[in-house]
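Structures given as structure tokens follow.
Consider the two complexes below, in which chain A is the common component and chain B and chain C are the respective partners.
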Partner chain A sequence: MQSSVLRRTLLGIIKKPSPALCCSRRNNTNYTIGGLWEPEYLEAMKSKVPLYDTLNIQMKGYDYPLLESYQKFVHTIASNMDIDVEECWATPPQNFKINTFKPNSTVVDKEFKLSMYERNVQIVDMPTTLYPILLSALSASVPEGVTVTVHEHDPEHEEVRYIPDLELKDLKDQLTLLGGPRVEKKKRKK
Partner chain B sequence: MAEPLKKKKRIDPAVLRAREERKKKKIEKQIRRLEKNSRQLKPIDELEIPPAVFDTLKQRAREPTVISHEEMEERALLLKEWSLYKMKERMNDVQLLDKMIISQQKAMDELRLESEELYQEALAMDLNVMPFTIKGPVHTPPIVNYDSPDGDYTNITKDWFQPLFVKQ
Partner chain C sequence: MALLKTSHFTRILLSGGRHAGFVRPSAFNFASNASEPHISKKWDLVSSVCVERNPIITADLTDIENKMQIFLSKIELEQSKKSDHELRKERDKITVDALKKGNASEADLEQATKATAQDFEDASQDEFAKFTFASRKNDPTIDEDARNIKRHLSKHLVLLTQQKVGSDSVWLLPQSVRKEGETMRQTADRALVEAVGENFRSIVLGNAPVGFYKYKYPKDVRDKRGVEGAKVFFFKAIYQEGEASCKDFVWATKEELGKKTKQDYFKSVDQFLLF
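The block that comes next holds the complex of A and B.
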């Protein structure tokens, strides 16, 4: 992602080559975008519209078969609109224990155990113009009981999926107590 | 009898630093070893086979039911009709989306001819819509003047940060 942004800013600089090079190699073009030897289709392939980096479409609901079919639907809608769907994944559900109390007392009347399931679809490089269309397609088709959130991707969202390694965490804490990792001198290769 | 207090030997600070460096090196080596083993994904409850079912899989296995020829033909025809219907539905959706995109493109082109500034504004990212939430419809509408009972919502999701067994 970073490289594409960098490339866009670099190639945006239009350079005028020196006359000696121009006459000997090119067909008398005065302008070359990027470098003298960069092919022109590279510039033509870039998007004319600003792009969103990575977006997560997060779907949450109490009914998971419905969620799964909705995830499939979202995926097909996005691919029909020529949007790059990079990844789809499921996050472990949040389990809730819900108690209802008898009126005017704290005696537990009923107890329910419900799980809030979650599915995610990750979209990369979406043009800004298509975003509202996608949103209206999603809100028109959202099934009952499902909450959809579209937000930018955070490294935290990735971390939530993995089992945290306690030993690794301990070791890293120990290292910071001792004063941070060592600064290694670069060895010169002979 | 108490001995006279010993003088604390002065350890050379270079030696001290060397000791610390060695400890750090050991810890770093362990970190690198742990990081090499790729992390495990958390198991997803709804996609796992419950262990009780897994144990009784053999008992649960059944012979496939025998379907008559007519029944199979009926089912095949029904499937064809259904797939045709769904295909038409999908084509409708796709065409609708295409129409929306085309008309948006036309509008953008016209806008560009009108004013370049407004065009650039239209292209820019809208932060109001960036984190966007859509709530799905509910099965039954909310009951008017409903007296909801008191209760508690407790999150009992498994907390992976707490170790299951505390090391003695």
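The block that comes next holds the complex of A and C.
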């Protein structure tokens, strides 16, 4: 009798989930998060606030040293706010050639060569409650001549960074002209 | 068994994300002492918008900063390498000297007839001299005109409106009381439109408030309406463009904000201002 009672209580201790795992609005239910044997810290580690997946802060400007120091500043702000800065990169500048003409003629008066430089800072897993604070800090500190845009990361933003291999592209185009790649039958191994 | 009822106020706070303040659950019944239920205190929920105009120009450098800037630029100049233009200028100078001495070849003569680097530099300098920069210093009249958006170009400005609170008109950030079925963010948008009209464009940042202020109504209002007071939740907005079509409004610097508003109200607002 005693041993069976002891066995029942022991089993009860082992199988009954700890109070911390029981999360329900109805006090009767006994369901557990994740499963009976999943550790509690997996749920505890998840953020209580919704997160933004990946955001790119893009800075563009004509003045190169100013832009660089502003990118450094943005990185400092973000890391001080405990935001995960995943990556920072630069894309090649856009070069502009601006011609002014003499009045009522096509003779070039002046020629200006300008380059629009670009810097990007990528932020990962940013809490949505922290984002407005970062935005207000950024907008308050933008230097002269720099435009800042924040957008979600797209695969195109990744593609822009790579220099296209023109030779490879040329060969591929030739191949398509010739009728596509040759499909080989798989040889069976006996 | 004790019943715990959470008020609808706490539900709003939890959905916003950042807890702006402590709100007691409104009813807590003990079955044993259930002679009279605890009277729940009602509070008016108010949304307020802090519209900020960011500085248009950088602040003036102090004396030390100026001296440091000059010093650093001298160092940078001494350590820098020569640009294409400077090299070209030197080469042209050599050919000109050679021409004068009579040692020049035909190629040098050809080169000399083209526009030299010096000519290019002179032309550029003339161009630069003709260009007029916009002045960094305002007319003192513009700075003194509190309704002008262009005052104090290097400072942060905040929009203050004069509103009737009870019997007296008070200077505070545009606010309005929450109506039934609205979220706090919708109330904030409505407050802004009511205060400054449709032409005013600004971006309200986020759905969560950034600040909190609580005040109690005078005793007669409390007894008449049955409401303890008002709880004000501040939302931050950045001014984009447009005119404020309002009778009494002011673009205030931080000092002016401190002077015009009540002490404890300013203390709550100061908590979330970044300047």
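One rule holds in what follows: the second predicted complex is superposed on the first by the 137 of 190 C-alpha atoms of A that agree within 3 Å, B and C clash if a C-alpha of one lies under 4 Å from a C-alpha of the other, contacts with A are read in each partner's own complex, and residues count from 1 in each chain.
In this section, a contact is a pair of C-beta atoms (placed from the backbone, for glycine too) under 8 Å apart; a residue touches a chain by one contact, two chains touch by 3 or more.
Small disclaimer: the values here were computed from a predicted structure and weren't measured.
Asker: Looking at the overlay, does A:L178 come into contact with chain B only (first), chain C only (second), both, or neither?
Answerer: A:L178 sits against chain B, while chain C stays out of touch.
Asker: Pick one for A:L138: touches chain B only (first), chain C only (second), both, or neither.
Answerer: First partner only.
Asker: In the superposed arrangement, does chain B or chain C reach more residues of chain A?
Answerer: B
Asker: Now for A:T128: first (chain B), second (chain C), both, or neither, which partner does it touch?
Answerer: Touch partners of A:T128: chain B and chain C.
Asker: Given the touch rule stated above, what does A:Y64 touch, chain B (first), chain C (second), both, or neither?
Answerer: After superposition on chain A, A:Y64 lies in contact with chain B alone.
Asker: For A:V49, is the partner it touches chain B (first), chain C (second), both, or none of the two (neither)?
Answerer: both
Asker: Do any residues of chain A touch both chain B and chain C, and if so, which are they?
Answerer: 49, 128-129, 131-133, 135-137, 139, 142-144
Asker: For the complex, which residues does chain B have touching chain A?
Answerer: 20-21, 23-25, 27-28, 30-31, 34-35, 39-47, 90, 93-94, 97, 100-101, 104-105, 108, 122-126, 129-139, 149-158, 160-161, 163
Asker: Which positions of chain C touch chain A when the two form their complex?
Answerer: 17-18, 52, 54-55, 57-58, 127, 156, 205-206, 208, 210, 236, 238, 274-275
Asker: For chain A, which residues count as touching chain B in their complex?
Answerer: Residues 49-50, 52, 61, 64, 76-77, 80-81, 90-103, 109, 113, 115, 117, 128-133, 135-139, 142-152, 161-168, 171-172, 174-175, 178-179, 181-182.
Asker: Could you please specify the touching residues of chain A with respect to chain C in the complex?
Answerer: For this pair, the touching residues of chain A are 49, 110, 128-129, 131-133, 135-137, 139-140, 142-144.
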